[in-house]
Amino acid sequence: MMNSDPYGALLWIVVGWPLLLAIPAVRRCLPMADYFAILPALLLLLLPMDFSSTLSWLLLGTGVSIDGERRWILATVVLIWALVAMKRRATPHTTPHGQNTFYLLTLAGTLGMVMASDRVGFFSFATLMGYSFYGLLLWGQSKPLEAVRRGARSYLICLIIADLLLFEALLLSAFNPQMEVSRLYLLMVCGAVVLKAGIWPAHFWLNASYRAASPLSALLLVLPVVMALFALLRWLPLGHVDDGVAGLLILITAGASILYAGWRFVQRPVQGERLAWLSLFASGWVIASVGVGLIEPLWWLQYGTLIYPLIAAVAVILLMVALLRPPPASPSQSGDSALWMGRMWIGCSSLSCKLFAGYSLCYKAGLQRAKQLQNGLERRDLIGLLSNWRNATTLFVLLGIALAWLVN
Amino acid sequence: MNESVWLPLLVIASSLIPGVIIFALAERRVKLRTTLNLCGALLKMALVGAMLWGVYHGQHYEVRLALLPQLELVLRADALSLLFVTLSSVLWLVTTVYAIGYLEGSPNRSRFFGFFSLCVTATVGLALAGNLITFLIFYELLTLATYPLIMHRGTEASRRAGKIYLRYTMAGGALLLVAIIWLYTLSGTLEFTPQGFLDGIDEQHHPALIIIFVLLIAGLGVKAALVPLHGWLPEAMVAPAPVSALLHAVAVVKAGAFGIIRVVYDVFGVDFATLLGVTGPLVIVAAITIVYGSLRALFQDDLKRRLAYSTVSQVAYITLGVAIAGPIAAVGGMVHLVHQGLMKITLFFCAGNLAETLGIHKVSEMNGVGRRMPWTMAAFTVGVFGMIGAPPVAGFISKWYLGMGALEMDQGWLILVLAASSLLNAAYFLPILYAAWFCEPSGPWPEERNFGRKETAWALLLPPVVTALLALAVGLLALAPFTPLAWVEFVVQREFVP
Amino acid sequence: MEKVTLLIMLFDLLLGLGLLWLAWQLLESRNLFKAVVLFVAFGLLMALAWVRLDAPDVALAEAAIGAGLTGALLMAALAKLPSRDKSEPLADEKGHWLLRLALLLVAAGLGYVVHSLPESAPGLSAEIANNLASSGVNNPVTAVLLNFRGYDTLLELMVLMLALLGVWSLGIERSTREEPVGPVLTTLVQFLTPLLILVAAYLLWAGADAPGGAFQAGAVLAAAMVLLLLAGWPLQGLLTGVALRLMLVAGPATFVALAGLTLLDAQLLAYPPQHAGKLILLLEVAATLSIAVTLAALFLGYRPRTNKEPG
Amino acid sequence: MNTALLYSLVGIGLFSLGLYALIVHAHLLRKILAINVMGSGVFLLLIALAKRTATPLPDAVPHAMVITGIVVTVAATALALTLMVRVAMENHRAELSDQSQE
Amino acid sequence: MVPSSEIPWGALLILLPLAAAILCFVWPKLAVVTGVVTMLLLTLAVGGFAWQLQREGLYQHAVGGWETPLGIGLYGDGLSLLMLAMTVLVGLAITLYARSYFNQKQARVFWPLWLLLLAALNALFLSADIFNLYITLEMVGLAAVALVALKGGRDALNGAMRYLLATLLGSLTYLLGVALLYHSYGTVDLVLLAERIDNSPVVWAALGLMGAGLLLKTALFPLHFWLPAAHASAPAPISALLSALLVKASFYIFLRLWLVLFAPLGGDVALLLGLLGAVAILWGSWQALRQTRLKLLVAYSTVAQIGYLFVAFPLAAAAGAMLWNGVSYLMLSHALAKAAMFLAAGNLLLFGGHDRIAELDRAVQRLPISTAAFALAGVSIMGVPPSGGFIGKWLLLEAAIEQGYWLLAAVMVVGGLLASAYIFKVVGYAFTRSTATPEPQSIPMGMEWAALLLAIASILLGFTAPWVFALLGIGDPFGGGAP
């Protein structure tokens, strides 16, 4: 049960207080709600010693704790929140009612992620933060633009897939602990983090959101990136695993994203987008170091602890750039290239149906399906195509077979 | 020792007697009918609580009534039956409050509440059944009692739905009857015994036992809406909201699932079933149902039909949990029996609220509902996140145990099925939330009835919120002493420890 | 084999074939009226057969009821039929050969079965003989009819009452015949009626020892009443209401009363031997009365209305 | 071929003739006649076989049965005739209308 | 062997209705009162009879003091007690119903006929003399015909005529069988016949003739042509009476003869009966499904349910007495349920002025008690669990599956499904609204409650099986053949 020392209660208050304030009725009777929300976290930062508390009956036995490394991340979060709160105070027009709720929910989710001492707690606070951030993205402006809406939708898709991967990873690790070092587990966690942080193959949502971001949300967009990187550190048993192949793979992606970010940065993009490439560049470096850590566990044991200050630094830089050279107040309506994810999906499905149509059970039906898919693709109405549930089922079965073949 | 006899009977009577009285009540006696309903429900809750406490402390409750020379009508309250009895009595109270609000001013309510109480009596009886013949009697009584509720509105569509419903359930009942009699001729007894009573039967009867198992599962599968036999559930959505809420999302569908649990654990016994090799195909059927149900739900524009298909897929989780034949998966399956009940009834209550207050039946009409009915949509959101399996809500726990159970019996591919199903759940529920919260209402509501300052009548609003909070609490405080998860572990521990 | 038995054998053969031929003619005749007349003849021939088989009681009953009364009933019904189908063309004989074959087989089978029965079988004649003394009558048929199997006769009287009830509920009142009755019929009736009543009385009395009995007497009395009705006497005017019903019910009522009495010492219909004879006589008188009136009422065909009752 | 057997065969013949006529003919009066003939056939068989007693007196029980049978047949015939007249009035011909009126 | 100073309940059961009938006939004004009083007295008498049987076992009584074979023997065991109870139960409901159904002119004829019919049925169930059974059969037949034709009308008269011809033909064939048995074994008493019977051609002929006669009266499949018209066109209480009691009376005699005389030689004959029964179930249910008029539907349902009774014959050889318990239980619950159904159908016909199923305009709201009675009775007919029909069907199915008669088991199950199809078709239409809404005629409460009480009784039968079987076992009717 909850251990006796009072500080344990403080930990729970840090997480509980913003949650409480998130309820509109409670917030109405407290004027400067967003400032008060961070106070317990600020207080915790000042206390030097580490302590933790677990509640066995809460959600399969979750607990919260604070220690050296986490303080860095907590500090960054508090910094972000302070800046955002000041920025919101500065901008005159009244933010829509719902935005405050999402704003406080995200804060609670972030604090929960930081403090969670076990993976199940971390995962639940991560979903809370993810979905409320999505709400925040959409309600950031009074009337969300089409670009913001599209960015938010792709963020949601990535979020769902990432959560799914994390859930499976959680299951694997909970089932038998030594699975944590298996390659499947590592790949799943890294995939999830790549999706959440918007690293190279899945960077489109970050790009789209930054491009359409208002000064306020530019600041906020730093949060998911930081939290994703922190998740990587919490979930990977760095230092006890030396899986060269996985490390190499991560290193390659990190390198690719750094190069890509650098190349796009140089092309003097639109103002808002520069921030996106900058954050991609920075997180690329962090991922690279994790990749190296995987290859050389010894190296990681020595310099591993440096990663947290590195992340904090990256966050600060991003914040400074966002503050000094804020993106234009009314975000540009630049119609960027079509949904990159959508194009990638069409490509792979047409490839798979060509490949598998030949081998599908009822050959003729398969071909006919493939033809349908083919002309469906020409007409580019992916949604129209999927709306006929027979196509969807065949597509789904084909994907299932492909995945099953891949996994075992 | 005598109160161990009359307690189960009293639990049955606490809904049967009010039901019979309500049948005789004239239509205008609203106050008497409401009080009868509510105190019937409260009394049942109290009695079930007493029984829970008793069974927890090893008390033995059993009633035997001679039915046929060797066969008896047995009502026995063991741990597994109390799980289902508690669920149905809690939800009956909530749904009665909802139904009273929902049917305000509509015709022939005496008939409705009469049959409503009869259905709950059948469900509780079915849960407390001590042998297969008692189970069959209450199983068929449930069919008979739900049929008039589907027909309640008396329109042509409800008659057609009723006909389809009967076609399925009567055929199912017939299969069940033949299977039970055949089993009786082979085994000589029908009593539910923890590790099953069929392992004594010699070798040459095994093919017959396999056929019997298939027939039993087919008979129960009709009510549990397994894939080929699920046709009636979306059609039955033509019934009024409280009916589709309690019956087609909880009582009737769970009766089928509960039956499958009883058959696999207390008739065949888990290891004998695996020895016979029947659990494998059952897992496949359950998996297919899960995926198929979600896929069909993706393409339904009518809200209640989408929820119906989602029920088809969700109930298959229970069958999946049971068919994996591992202890952890069993826990997952049985706890999902309760969790799915809580979550799905919330969704149906909200659907009923939308239909009753704003006249919304289609998903496409739900733009901007969040702002008009915030509390209902909040409950709906909690229900949706539960369905997807997002952590704080109850769905996460059952998916967690099911996943662990699948891994324990090294059926890795099931993880894929669970993942796919969660993905599909998200695919067909999140657009609703997106439309409700983040879109502007397109034009006026079809038939708006405003209730002054409140978004809708309190009797319509309270139940979904209560069940949503219950779902959240059950999820959040999963490992606390008196939660469904703890009780299920208490059940499984008796089932699997030889 | 002496000539006499040969002669008797020939007579039996002739009678049997005659019966069969008459039945065939009767059933296949084109004209219905002709069929009814043949049926009466058939009844008389049957009576002859009963006499030949040493069954005098049955012969009397057959003659009075089988031939006489049934013939009258048939004639009355034929008269009431709508005129068009008096002479009904016979249905064409399509495809009945299969039916004929089947019936032939059944008859052959039954013939074989009857043939396989033992030549001589005592039946219950021995039991009747040694119980006849205590039955109160010495005509064995009456003894069986009214004492040994009295229960059957009770139910039989009820059947008669039943049929009457059915006829009264279905019968439609017909106006009596308008055209005046010819002189020949009136004189015949005046001469015959007392004679018939006398015969009926004799049969009733003789029933105890010689062939006769309630049914035969009743039938003869009924014949007398039918004659009167045919002759235009407004019998239905005279006998109506409770009086009629009491007479109709006399037989069954006494039988049931007697059964009730015997029941007091817990033995249904067990007449004390010493005055069994008197009881049987009482029963026979009541039965004759009610059988006569019932059969006449059946012939009448509808319930006679007392003048104060509306339609 | 003693008398008992002869008359029994005649009785069986009458029974079969009556049965044939009952099935074949549509007119109700013919059917009623057929029934009476069948009855006489059965009674003839009953009384004929009663003659097989050793003593000159035949077995009296079948005689009683036949008398009862005759009375029952006359009662049935009376009811049948009345019913026939009513049916004839309704159907306008003395035959059964095969399908019941919709 | 004669019960000492005890009240002779058996004899009373027969004499009481006879006396009452005579009373009603003579004083028609007292008809209704006498009818009701007699019915109550009869219930008391059956109760007394049951108590007497319980105490002293078999009831045997030589009428007139003459020992069989000369005299007529009354014989009462568990099976006849069950039939008597059935008659009284259905009789009570019909008396309650008829009290307010007939107008003064019809009542004058109905009550005497009805009491005579009751007397005949009681006599039939208590008699052990096959000639006596002929007379009671004849009495029952004629009374039924007169009752069917009571209200007149084209269908009723045609139905009554066809029924009369069929019943007369049946009786004569039966009588021929009796004659053959009497002349080959010298007695008409069942008890003595059982001892003297042997495997001679006479017995085969007798089985054929009496069987054919009785099956014609019971309306088993090929010989059922007369039943639908007669049962559907008769007035409501009479069609209830016909379907519930009369059909069972001739089946009772056939069952008695089968158990006592013909069981030993019944190998392939039993199979034929089973086959006919199976075809009857399928054909009757299929016809019932196709009907558009309610009373015809219920009549065809009777044809189907009779099939169930005959399906048990091939199973009888191997299965013990429990199978026959099942059959008699099925008979009892079918009698109650079918009577309730016909009374309910009569109410609906009277209320709506027609009995077209498609236009049962919202009968559920406007005539709730009768529709409830119809539905509950339907539940028992279908053999769906909580009802008496289910117990009977369970025992039959158990025997069929145990002996591997898969075809019979399948037919029984399909019959149940078809039954649920046509019953729920009617109940379905009772919910929906129909266009034609003629001005409804109000139905007196007594008539509606008569139907409902019968239906509830047939459902409660589902729970009283052990006690009924105990009573049924007195005198061991289904034991080793000898009663």
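Observations
For reference, chains read A, B, C, D and E in written order, and residue numbers begin at 1 within each chain.
Just so it is clear, contacts are C-beta pairs under 8 Å (C-beta built on N, C-alpha and C of every residue); 3 or more make two chains touch, one makes a residue touch a chain.
Because the structure is predicted, anything quoted here is derived from the model rather than measured.
Traced through touching neighbours, the fewest hops from chain B to chain C number 2.
Excluding chain C, the assembly's touch network remains one piece.
With every chain reduced to the mean of its CA atoms, the largest distance from chain A is reached by C.
Two chain pairs, C-D and B-E, are weighed by contacting C-beta pairs, with C-D ahead.
When every chain is reduced to the mean of its CA atoms, the largest separation from chain B belongs to C.
Each chain gets one centre point, the mean of its Cα atoms, and the points for chain A and chain C are 109 Å apart. Chain centres here are Cα averages; for chain B and chain D they lie 68 Å apart. A separation of 27 Å divides the Cα centre of chain D from that of chain E.
Chain A and chain E have Cα centroids lying 78 Å from one another.
In chain C, 110, 114, 117-118, 121-124, 128, 148-149, 152, 156, 159, 162-163, 166, 170 are the positions where the chain touches two or more neighbouring chains simultaneously. In chain E, 70, 131, 135, 138, 142, 145-146, 149, 152, 176, 182-183 are the positions where the chain touches two or more neighbouring chains simultaneously. Residue positions of chain A with contacts to 2 or more other chains are absent. Those chain pairs judged to touch are A-B, B-E, C-D, C-E, D-E.
Chain E makes touch with chain C in their complex at residues 2-6, 8, 11-12, 15, 18-19, 21-22, 25-27, 61, 63-66, 69-72, 74, 106, 109, 112-113, 116, 119-120, 123, 131-132, 135-136, 138-139, 142-143, 145-146, 149-150, 152, 176, 180, 182-184, 186-187, 200-202, 205. Remark: chain C residues 8-9, 12-13, 16, 19-20, 23-24, 26-28, 32, 35-36, 39, 42, 46, 49-50, 52-55, 57-58, 61-62, 65-66, 69-70, 73-74, 76-78, 80-82, 84-85, 88, 90-91, 96, 99-100, 103-104, 106-107, 110-111, 114-115, 117-125, 128-129, 140-141, 143-145, 148-149, 152-153, 156, 159-160, 162-164, 166-167, 170-172, 213, 215, 291, 295, 298, 301 touch chain D in the complex. Interface of chain B with chain E (complex): residues 65-69, 73, 107-108, 111, 136-141, 143-144, 147-148, 151, 154-156, 158-159, 162-163, 166, 170-171, 173-174, 177-178, 181-182, 184-185. Residues 322, 362, 364-365, 368, 379, 384-386, 390-391, 394-395, 397-398, 401-402, 409, 413, 416-417, 420-421, 424, 427-429, 431-433, 462-463, 465-466, 469 of chain E touch chain B in their complex. Listed in rising order, the residues of chain A touching chain B in the complex are 56-61, 98, 120, 123-124, 127-128, 131, 135, 138-139, 144, 156, 160-161, 163-164, 167-168, 171-172, 174-175, 387, 389, 392-393, 396, 400, 403-404, 407-408.
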